[in-house]
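I'd like to ask some things about the structure below.
Each chain carries a letter (A, B, C and D) given by its place in the written order, and its residues are counted from 1.
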């Protein structure tokens, strides 16, 4: 099975801030997706390769708790953890922290459904399933 | 108190689609914010006016369930319901439906915290509180 | 030929602002695309219908002059004018104005190339060509 | 004066693609801004620091030529060149290339105006001016 946990750095872009002077809350799902992508790549597979093979993951459920604002151009550590793999779904949890201090800024979770090119449910690829 | 429920139309923009041919899941929080804004305006207050008076609402929690994909340029009905107002927070629920059929595409919920310009908690303005 | 000129209203979304307190400059191309889409619809054709028929327009050139900032939630008039149609390309010009005063905020221009689903050049559909 | 030229890598995010299967054209100005930011940082100054000192750069003019599409998750080299510094403005040129081959995908140019926190024109900081 893929490594359970993977951390990437994200640096808020200027256009990701809003007039309240903080990163807009709609940006976090984009970062989470980036975290999942790199978690998958660390497991040896690029998502683009999965798509080429007709395997798509669609977000079925998303939850975010925003504890503290994130600011323009500050380096953040985003840790993505795979929390569950079933025959049809993959679940992840996310922790976004300010880098120098490790202060928790936000937490999240997603449930992905595995579908084919036509959007029909299909089995999660074997390499993502837990093995002893 | 403000009207409990308000419906707006949103039409997915081309740039809001992704290469899977559907609206990207990070767009829904933006639409929900638009729904809240118009719900508030229907209650007689523009959010920009609140900000001018030093009243800010920040998203503290967000949940979305994606049932079916939304497509480019199809008119959608987004219904925003205020589900709870406390001294420090305002909660909303959202239902996104395909217009001609009323088919439910997604559901969501947010919890907003009321803060001042410095980000410190402050009391939710009186006009948002329930009155008999 | 299609009507030369078409005006729509755009209202800046909160997430379209940045921490300088104005609409981020990367949003204007999105609005211009919306202007083109409605210009096309006013001419009787939805862009989604063209795509279904294998006709795609891709942006080949974009120019924008930003004269004055646009602000959150202010209604803006965006006028899209078709300035030229050739066998392979369609050109538009854009004027973005503050509604109550008509003050010019930005001007732009695009050159679109007509391609098929595989990205190969194809002839601009007849209905877009000028007729006497 | 700052180094004339600086190259960064950008990797298209999934949400930056559209249903035509390519990166949406409105994303390029965002990448150009990232290129300028890193060009500035390579010159020893973070843009956030400039803002703290009351120095803002606003985009006054933008031009982009899109030669070939960019695709999801492919590494791109973006080279930002400072082409002119005057008392009130700074100009840059951009070249976006596919990494393995160096194939040119897009070219662009921006003219920035230097303003203070109130949006009034101010002199471009000395460190950006050419010195023999």
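One rule holds in what follows: a contact is a pair of C-beta atoms (placed from the backbone, for glycine too) under 8 Å apart; a residue touches a chain by one contact, two chains touch by 3 or more.
The model shown is predicted, which means the values in this text are computed figures rather than measured ones.
Note on connectivity: the fewest steps through touching chains from chain A to chain C is 1.
The most distant chain from chain A, with centres taken as the mean of CA atoms, is C.
We define each chain's centre as the mean of its Cα atoms; on that basis chain A and chain D are separated by 27 Å.
Averaged C-alpha coordinates put the centre of chain C at 23 Å from the centre of chain D. In whole angstrom, the spacing between the mean C-alpha positions of chain B and chain D is 33. For chain C, residues touching at least two other chains, in rising order: 14-15, 20, 26, 30, 33, 72.
Considering their complex, residues 20, 25-27, 29-30, 33, 51, 56, 58-66, 69, 119 of chain B touch chain A. Residues of chain D that touch chain A in their complex: 13-15, 30, 33-34, 37, 46-48, 72-73. Only residues 14-15, 17-22, 24, 26, 72 of chain B touch chain D when the two sit together in their complex.
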